[in-house]
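Going by the order they are written in, the chains are A, B, C and D; count residues from 1 in each one.
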Amino acid sequence: MDIADCYIKVRKHTEQICSHLQTEDYVVQPVVDVSPPKWHIGHTTWFFETFILKPYFMGYQEYNPDYNYVFNSYYETVGNRVIRTDRGNLSRPTVLEIYRYREYVDEAMNNFLRSELTDDIKELVILGLNHEEQHQELLFTDIKYILGHNPLFPAYSKNYISLKVVPAISDEFIKLNEGIYEVGFNGDGFCFDNELNRHKVYLNTFEISPNLVTNHEYLEFINSGGYHDFRHWHAEGWDWVKINKIEAPLYWHLIDDEWHHYTYHGLEMLNLKEPVCHISYFEAYAYASWKGLRLPTEFEWEAAATQFTWGKNWEWTESSYLPYPGFAKAPGAIGEYNGKFMVNQKVLRGASEVTSPGHSRITYRNFFQTHLRWQFTGIRLAK
Amino acid sequence: MDIADCYIKVRKHTEQICSHLQTEDYVVQPVVDVSPPKWHIGHTTWFFETFILKPYFMGYQEYNPDYNYVFNSYYETVGNRVIRTDRGNLSRPTVLEIYRYREYVDEAMNNFLRSELTDDIKELVILGLNHEEQHQELLFTDIKYILGHNPLFPAYSKNYISLKVVPAISDEFIKLNEGIYEVGFNGDGFCFDNELNRHKVYLNTFEISPNLVTNHEYLEFINSGGYHDFRHWHAEGWDWVKINKIEAPLYWHLIDDEWHHYTYHGLEMLNLKEPVCHISYFEAYAYASWKGLRLPTEFEWEAAATQFTWGKNWEWTESSYLPYPGFAKAPGAIGEYNGKFMVNQKVLRGASEVTSPGHSRITYRNFFQTHLRWQFTGIRLAK
Amino acid sequence: MDIADCYIKVRKHTEQICSHLQTEDYVVQPVVDVSPPKWHIGHTTWFFETFILKPYFMGYQEYNPDYNYVFNSYYETVGNRVIRTDRGNLSRPTVLEIYRYREYVDEAMNNFLRSELTDDIKELVILGLNHEEQHQELLFTDIKYILGHNPLFPAYSKNYISLKVVPAISDEFIKLNEGIYEVGFNGDGFCFDNELNRHKVYLNTFEISPNLVTNHEYLEFINSGGYHDFRHWHAEGWDWVKINKIEAPLYWHLIDDEWHHYTYHGLEMLNLKEPVCHISYFEAYAYASWKGLRLPTEFEWEAAATQFTWGKNWEWTESSYLPYPGFAKAPGAIGEYNGKFMVNQKVLRGASEVTSPGHSRITYRNFFQTHLRWQFTGIRLAK
Amino acid sequence: MDIADCYIKVRKHTEQICSHLQTEDYVVQPVVDVSPPKWHIGHTTWFFETFILKPYFMGYQEYNPDYNYVFNSYYETVGNRVIRTDRGNLSRPTVLEIYRYREYVDEAMNNFLRSELTDDIKELVILGLNHEEQHQELLFTDIKYILGHNPLFPAYSKNYISLKVVPAISDEFIKLNEGIYEVGFNGDGFCFDNELNRHKVYLNTFEISPNLVTNHEYLEFINSGGYHDFRHWHAEGWDWVKINKIEAPLYWHLIDDEWHHYTYHGLEMLNLKEPVCHISYFEAYAYASWKGLRLPTEFEWEAAATQFTWGKNWEWTESSYLPYPGFAKAPGAIGEYNGKFMVNQKVLRGASEVTSPGHSRITYRNFFQTHLRWQFTGIRLAK
């Protein structure tokens, strides 16, 4: 598929995700980590306009200079922006206006992509498409948060099909021997700068589970008082539990003594066989600690990942999000993409059921703060 | 006009106010004091359903029990409710769904009002209509806040006509002599419980201005450093100025050294002849103190109000919002209407250009906390 | 007694109050409203140095210019100061150093007061002594807070003698008839500016209790669920109860199902016959509301006060703290004494058992914010 | 030296550190991270009483059961405790009372240590002494904070001698080659559980500076606008700079255009040749980024540390504080010592001029949150 077709395909996928929404669903921001869907629609458009059309497409006419202020996410290089907590306070531009902006930029991009392009520009377009795929995942998770925190618990779509994972035949842990392993990206295709450079690490002998922890297993932790026993928790995690009165994963509701959870179909009975989802790093760590086990490091995960199935939930690792040897930020605004977040976050590996098709790979490094739960996050144990 | 026609007229007026909005404008809540317009639409409907149809209209079928949770404002008697800060996080029910709810309740009310009604019920309906008129004013002020805090500064309606007030011919203060005056409501029509009972007060000789303070006069206060001189301010007001970096009334913007303000027509040059508007009690007090004058008490205002024009801006008084002698809360939820707010608020007298027609009277007592500015609030001086 | 002797007597009383303290007790500030005793010792000294010695005593040598920064309370006119929340973070100057400062200033004052003084200066000295008496009361209440919030509950002094009040023979309410009454100070001696001017008010017929509400009566309110029934509370009071999980007056502890309270003697069983003490305005209002009664206004209190005994606890009134007709702030720093606090506070009338001898009078107006409880505050009912 | 003599020596050293304090200096807690010196005196005593005397010394009589509540730091296993922010609110027990408690426990320990001891108990005593040495360092840093934030800037002791470090002859970076290195403790003496187990790591070729960054070098960063250029900072660090208006290291003051800093001798001119000190991880990272270099990892540091001088300032590394392979928490309260802090903190390596003699070693892992500056923290660069 050529780059212009790729562009159309990725852009259409974003719109398809939003096709189940009411206008009002596009607008709200119930917590600071969630962005209004209409903001995602506009921001991903602004990204192409700002980093490709304006600098490289001769004669391109900016759609509306005010949109720079509205749709910049965190690029300090590009100027001031609506503060993050205010995204849900903006009724204008309307959804319709933003879709018009999107159409305008798409048309320009379509013209531009059918012209002669340098490799540098192609790379930038591919970065923009990968960026948009990341927002597709965020759209799914933010929409879930918006609808799942509404007292009416509306369904996103009754036709949504959740990924089914067949558990490994045996629960036996996979064992890898002590030695030097190579990690990091070195293929031909696209990768983010945080996956480079491929380099050697020394791993001690370890074992890793072929399966994710299930709701059934996690319920045992809850029922045995796991949320009330400080011994399993980091000091900071224990404070988080007490201050926020955490008693279960996000989206779980105990109704008439039966555990339910909110899904894209609405409120449903909890399926005990499915992997536990929507837990913070603090909870993942506490569960592993309660089990007498631990989370894998991101390098253990990468070394072993060919031997198990992954892709249902992002998996918390014990690794902090740090630069690989030789990591260097790109110059300019694009350099703000990853590097400036490399502190006080944990690495997640794998992918989730709402990750865009073709977006995941074994060297991919996702990262979140330790208390966040609105992503599709799960637990794989190691020892 | 009979009560059923009154009902229709008031209800239509609410919808007319919202007719200039985009769907998205109905949804957002940029600060806690502002409610999303769709919430007002639903809440005023819920008021009639909860306090009239459900208890008194035989055979009435509740529209949706969940709406009780969504549209209760502050009536603890009636049960739990969405916390105030979450009103802007609700994308559902949608605007369309809420209008359908409104239609359903209006049809039931129409049937009910055309049946035989007791005086008690009639009184309750009239209370409901006055309640809705209060929300009409809030709709205007909340819409102004929503659009006026949007970085695009969209107009509400280019056809909106602002009330023009002809200033008194002379600036000379009106003088009233020392003695006993009567204040409070004693007419035939409707009044709120906080206007009762009519009672005697003793006033010292005082003088009161026939005119409101203008933007021109207020600019002198700003230009003479009024916001930077603690001597004019209450200690609490001075903290408020410093913490919030207040430098001018709400909606004022200094652009290229020219003062502009946001109006229902969008951003405009400041009209110096108009009364200053959107100031807190703290600012009203500081201005008066800077002038060597003071604000009137609510009783001075009421005693003198026949001698000047009012109705452009609600006017801050020096009086705290307290119960009149013999004040008693009504039993049940209706008793929560006024009494429980009688602490740490200041009385405003008069009315504003966005007060609903027929809603104001000389004994009317509005009240807000001392730091609030999103209402159409102004200054009349006394000495 | 001449003014120099008065000076010595008042100053010695302050030191006598502190004579039971350990050095460490002088230093801490467990909440923002409480000041460390050593700060009171220094601040009252600074007051005489700043407002009397430096401007009026020729040749007076300032003790230490840095102390101006440390011991200024809230006089913006006089310059910068340690922020209030930092008072408890200062280990220096030490207690000993502050007492040396006090001695130095006292010696200078002694010399100054034995010289020829103008009436203006005498007035200022008397203001300084009244100011110090207010801090004597604060010393008592702050010391109680410091020791009463220590997990060891140390006694202040086993020899402290609490004021006993003989209740009125009959519980019957005292009735006053409708009419014009005069309130405010008009005698010869000292009064604060907020008690001036004496003026007329119109009161409706009212009745007022000859006795304060007792612990026994207040326990009935607690036991009948008063802290869990929103109907008795202001909306703001109800929020305060829920956020702070208030269940009883300050210093009350339920130990093995028996109510105790912290006193200057340490933890003791609650004496049911004593007036209830250490309650906020919110609680006083809620209690009155639960009883179907109300608090008196400050003018009702003043009109009736000759007919009942007062002086055990400061009594909350329904009146907001507002300027009397004709009130004008003094020029300069002294003008900051009272006026700038006249917003969002309630008036208390009477005096308390820790008020300094000779400091109280029938026109005295004390004032606090509605949530504060560390003063000796009580309830007298009216209807 | 036998263990009883060791005990006496370590305990005396603590008291010697405090010998320069006034009673008041022992009491205050200007920020949550700083503990009052008297709390350190009591807590280190409580540690021996709780973990050694009570469980193992037959017939030992607990000094005062209430002290458990007062002096427990963070051991959830041992029960409730004064919340950390309240440590500075406690005037009792007094300094004298705490020294009496200390004497009582020391006498019991002296008797106990001269009896027959098992190896387990000896180990526990040695842990207690190392724990006390950590508090000796904290005493130094907390005292500096207490006195250095007092507006009078009192000296701790004019006789305090600061460690002088002779810089390396050449500034040339030390180069280590790619390969497997061993890190972690494996000697005979004492180490903390977080230094175990010794294990292999793979390091890429790197270079590390023989010297710490000096005040002179750091001033260049300041003067070139380093605190105002987001590009050098982590997103979280940039927020920290802006919210806290950070412009220079802690204790630096620009007075009449000359940089001063607070030292144990009081306010002094900044010595440009000394290593920069009292900076957060955020600042260390930003400085390195501005230089086009980076911080070393803790393993790079450990591999190279024999080739340079260290011990003046703790040195920030790029490594997050994580468990070593095979790390396991000890059972019971002692297990809370290190493990529960292994999240969202950075490792520091080396030691500082206020580290107790004999307390440091090449495998020692200190750790703090990324914004903290009150420790003696510095910067060593790598590439």
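The criterion applied here is as follows: a residue touches a chain if its C-beta (ideal position, glycine included) is under 8 Å from a C-beta of that chain, and two chains touch if they have at least 3 such contacts.
For each chain, UniProt lists the protein as follows: A, B, C, D = Ergothioneine biosynthesis protein EgtB.
Not measured: the values here are computed from a predicted model.
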Touch-network distance, chain B to chain D, counted in steps: 2
Touching both chain A and chain B (chains): none
For chain B paired with chain C, centre-to-centre distance based on mean C-alpha positions, whole Å: 37
Interchain centroid distance [CA atoms averaged], chain C/chain D, Å: 45
Length of the line joining the C-alpha centres of chain A and chain C, rounded to whole Å: 57
Per-residue overlap in chain D, given as positions that touch at least 2 other chains: none
Overall pattern in which the protein chains touch one another (line/ring/star/complete/other): ring
Chains touching one another, given as label pairs in label order: A-B, A-D, B-C, C-D
Complex interface listing, chain A residues touching chain B: 22-30, 38, 66, 69-70, 82, 86, 88-95, 146-147, 149-152, 154
Residues of chain B defined as touching chain C within the complex: 74, 76-77, 180, 199-202, 204, 230-231, 233-238, 281-282, 285, 294, 318-320, 322-323, 325-326, 335, 340-344, 370
